[in-house]
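Next come two complexes, and both contain chain A; in the first it sits with chain B, in the second with chain C.
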Partner chain A sequence: MVIAMVITFVFLVAPIIVAIMMSFDGRSYLGRFPPPSYSIQWYTNFFSDTYYLAGLRTSLVIAVITTLVSTAAGVSAAIVIDRYEFPGKQALETLFLSPLVVPAVVIGFALLLFFALIGVFQGYPRLLAGHIIITLPYTVRTTLAGLVGIRKSLTEAAMVLGANERQAFWDVTFPLARTGIVAGAVFAFAFSMDDVAVSLFLTSPDTYTLPVAMVSMMRTNFDLTIAAAAVVLMVFTVGLIFLLEWLIGLERLIGGGVFRS
Partner chain B sequence: MPVLELKQVTKRFGDFTAVDEVSFSIEKGVILSLLGPSGCGKTTTLRMVAGFENPDEGQIIISGQDMQGQRPYERNVGLLFQDYALFPHMSVEQNIAYGLKRRGVDRTATNTRVEEMLELVKLSELRKRRPGLLSGGQQQRVALARALATNPEIVLLDEPLSALDAKLRQELRIELKQILSAVDATTIVVTHDQEEAMSLGDSVIVMNQGRIMQQGAPTDIYRKPKTKFVAAFIGRSNWFKGAVGETIDKGVCRFDTVSGLSLLVPTPDPVATTTSTNSQAYEVCVRPERININPNIESGNDNKTEAINRHAGTIRDVAHLGPDIHLLIELNSGDMLTASEQYHGQALEQSGEQVELSFRPEDCIIVPADS
Partner chain C sequence: MTKLNRNAALLLVPGLGIFLAFLVLPLANVVEESFRYFEPGRVGAAKDAPYTLLNYTELFDKAYLYYFLTTVRFGVMSSLIALVLAFPIAYYIARQPSQLIRKCAIGFLIGMMFLSTLVRVYALQLSFGPTGIAKHLAGFLDVSMNGRFYTEMIVVFGLLHYLVPISAITLLGTIQNVNPRLSEAAQALGAPRWVSHLTVTIPLSVPGLLSAFLICFTLCLSAFVVPMILGKGKVLFVSNLIYARFSEIANYPSGSAVSVMMLILSLLIVYGVTSFVTARWIKN
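Up next, the complex of A and B:
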């Protein structure tokens, strides 16, 4: 327990603190930690740099669309897996989870070849497809966890009381599985915002995500704008989690996938 | 016109025939019990009436309308689920109002109806509660109110009392019957519990292996079972195997058991005999409460002209179950019988005591052995 906490602190929390502090460095060159003075110059840099801003914009657009599509598809798939018995059900479930097992680099490269083959060269569709694929396991998994506690008789009760399948879903299944579904959406957004490995293969010269922009800037002119960019990226993901914590409670989001009456 | 009619309904799951040419009908206001062991097809029958399953063959007709292909929400059927299936995220009130809302009833009418239903099931004070905070009995009443709110043409109860403990079950059974008759609901009760089936139902259908074994009033099913399955499934019974002998009197014949007893039993139903082979084997059963126990002192000095079965035996076990006493008796032939008598303060028989048993021929039930 103590060891785990120490490891978490040394390798996760400490580097983040260093990155945050360095992003406010007052020096104009890359110096030693800790910074002797503080300023917001790197943030000014970041927000006046069209290259980064274009990346941020693309990242946000891709993340929002990915979250919507991946959640809708993940929920549909999870409901089918949970509610119906059919041959190949196990195989389908495994298929939906397989992007977790296949290395992201392999997925990215395979998608690049595939899109070249069918003649898609624009960045947006390629990035979207890649991001939806890598986030699906999360939305399927968390929705499944949310559906497990919902008895089939509840849907049947709604139907015998006059609700059609769609109404039964929105009146009964969705409210009860909501925490699981929302958790999946949060993961989808976070993973989409943060992905480098798949995106690296799928960007086009004019369409790239913020993490990809950071990687390429690191190779060309390495300065602390990258630290500022990292903090901005973090703010979006952490901000989303705090927003949800405030809205429905993080405990229920993560621990309470199943509705408890 | 019957409210519900099933005509030759058959349902198969793969190679398994769950419901096999089942036909019956229910008139308005009647409570019908579907009784049988698990897997006998009673639940599948109920699910077909509700519209969750479609019959492979035959027709289900509700109020003169063929229900083929009609989805559950296109029928007006009330269903009380075994686990109640109350919506945990809605209050008692919202649960009851749900069906009305989905059936397009306007708000004022819905409120009046919810009020009525709350009063009917005596839960007005708990209207704002979530189902998770209610007791089992209260949950059941909410579920019943929800099922009855839309004024369904037919109400289906799936093992309505099985989730409750024994004492509560008794209370709720009476209450359930009162509520159902108060709204004059046409009802099917599906149950594996014979007490539940017989106390709730005006009529009982006994099912086994997807088929209807017998339909009749509860008393008829108990007193005149037509098959061994029905006789054994309903109530407790002592069984004798053997062969039918000569006719003794009008409607009474001899029955020689394999253990060597000679019993006087009712002559088997000729209809039952003609439907089977000539060398029909029979079995005879006697209900425990029909057996009289006499201390083994007097013998031969009372009126012997009355045809009655008298056999001597030894008491092997005495169980005092409150109002009843159950005796396990070994006859001199070796047959073990259970007899029960009411306890009214008498001295209890002792294990090892010699007794004489007597039971009248008309208290014996004779059925074909392989039925």
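Up next, the complex of A and C:
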């Protein structure tokens, strides 16, 4: 049992370590692991290469906008689903979670065809649309999970004491739902930075995200600058984890289950 | 639960609008495109091309079924292996008394989940490819480094690297809600530990196992980057077929038809597996 766990852990972590070590490789070519000498040449390569930097900038801008839009739309939808009853609610919930079931390739392909049909050819709107639609299920789902745990009597008490609906939401419900909302926003940012399959369809020659730039480099010039780019992305991921821990605590994200004291 | 009033309904508009514009309409367009006739040499179907079922009937050729079979085969295999590997991890974290270890373990799993697919695939390529341990591993298993078996194994590794953290997190939620007293009672009555888990913990976790399996399987079905880069052209999933149809041959109608078939297939499988497991194991 323990051996299986250790092997799994090693299997998950070892490739990452290899990639990190190779990104500091001192050789000027891609040679066998382990590297005989170390240098930061690949990082200087990466940060002086306009191709990669443009991709990084686009990735960041799109991730920020996607997170804002996705969280706003997702939270509003989750509030309505949680509090109100209406015909077709079940279908609506399924609809909001459906992008998770549709393959990313199909989403990218469908959006590309659709935008060509309505005449939108710029990269930014298309990329934004793709990223928003794939992150929306996460914001809706985590917010809903957070809202479900809030007792309705608290909001009702606020309203009995004189608050109107909007005040009751911002002063009572929102702080309690913070966990779910923040989790959704962080998920949205992470999955927007990482996305490859959808972005591959929606980029244009002058607008591309960092993962897409890495894919084209993997096909043309397979050198270790890609490793440096990969480590930069990893740093973002680790940063997001620490952010999650600082904002809401990783414990609360998963919950303790009903049998933990 | 109160009934919906007009002001609250306004809150639904952004979400619904986004879905309509960015999912429903594009998918409807894809379905429509899949019925159009394609002339080779054009990009996509002509605006007034006639409707036809050709794009669908040609999919029943053996060559195409190969893609679907490969995808399902890898999906089932990788999902099952992921469940087997993830269950002990989830169990360990769920029953772990130390808060610090729990926090670190959960942080590690979420970090693994957030990690970009591309970073994973590249790291695996570096580790298990020619610059890594490929020679040694392939020699140890007595297969060719560039052979089919090794490539398939690396694709499974790539899928597992993504599936195991996600399954572990899903199963964590389930196992936490299984009363630990029950398996302890079984052990107090004389059962060895592995029997108590086999007969108590695991059957009680079946809904979570099912959910984790379906999540893994759906992710495998839509896997694109992993087979594209780690498969080196030898292992091709349905997503790669769609991509090739679209970007290399510009046969949009056929790409659309394959997409529709794939969607229907995954919905059928999810529905089928859910009904089967619910009927057999989750009885009231």
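One rule holds for everything that comes next: the second predicted complex is superposed on the first by the 242 of 261 C-alpha atoms of A that agree within 3 Å, B and C clash if a C-alpha of one lies under 4 Å from a C-alpha of the other, contacts with A are read in each partner's own complex, and residues count from 1 in each chain.
Here is the rule we use: a contact is a pair of C-beta atoms (placed from the backbone, for glycine too) under 8 Å apart; a residue touches a chain by one contact, two chains touch by 3 or more.
Small disclaimer: the values here were computed from a predicted structure and weren't measured.
Partners chain B and chain C, once the complexes are superposed on chain A, both fit on it without clashing.
In the overlay built on the shared chain, the residue A:171 is in contact with chain B alone; chain C does not reach it.
Of the two partner chains, chain C is the only one touched by A:136; chain B is not.
In the superposition on chain A, contact is made by A:4 with chain C only, not with chain B. In the superposition on chain A, contact of A:159 is made with chain B only, not with chain C.
Looking at the shared chain after the overlay, A:85 reaches chain C, while chain B stays out of its contact range. In the superposed model, more residues of chain A are touched by C than by the other of chain B and chain C.
When the two complexes are overlaid on their common chain A, residue A:180 makes contact with neither chain B nor chain C. Once the two structures are overlaid on chain A, chain A sits at the apex of an angle of 90° toward chain B and chain C, using CA centres and rounding to a multiple of 10. By the touch criterion defined above, A:197 reaches chain C but does not reach chain B. Within the superposed three-chain model, A:151 lies in touch with chain B and out of touch with chain C [touch as defined at top]. Once both complexes are placed on a shared chain A, the shortest Cα to Cα gap between chain B and chain C comes to 9 Å. Judged by the document's definition of touching, chain A residues 259 lie at the interface with chain B and also at the interface with chain C.
Those residues of chain A that touch chain B in the complex are listed here as 151, 153-154, 156-164, 167, 171-172, 175-176, 259, 261.
Partner chain A is touched in their complex by these residues of chain B: 50-52, 71-73, 75, 77-79, 81-83, 85-89, 98-99, 102-103, 130-132, 146, 150.
Interface of chain C with chain A (complex): residues 1-5, 7-9, 11-12, 14-16, 18-19, 21-23, 25-27, 29-30, 33, 44, 85-86, 88-89, 92, 94, 99, 102-103, 106-107, 110-112, 114-120, 122-124, 126-128, 131-133, 157, 160-161, 164-165, 169, 172-173, 175-180, 218, 221-222, 224-225, 229, 238-239, 242-243, 246, 252, 255-256, 259, 262-263, 266-267, 270. Taken together, the chain A residues at the contact with chain C in this complex read 1, 4-5, 8, 11-12, 14-16, 18-19, 22, 30-33, 69, 72-74, 76-77, 79-80, 83-86, 92, 95-96, 98-107, 109-111, 113-114, 117, 129-130, 132-133, 136, 140, 165, 190-191, 193-194, 196-197, 200-201, 211, 214-215, 218, 226-227, 230, 233-234, 237-238, 240-241, 244-245, 250-251, 253-260.
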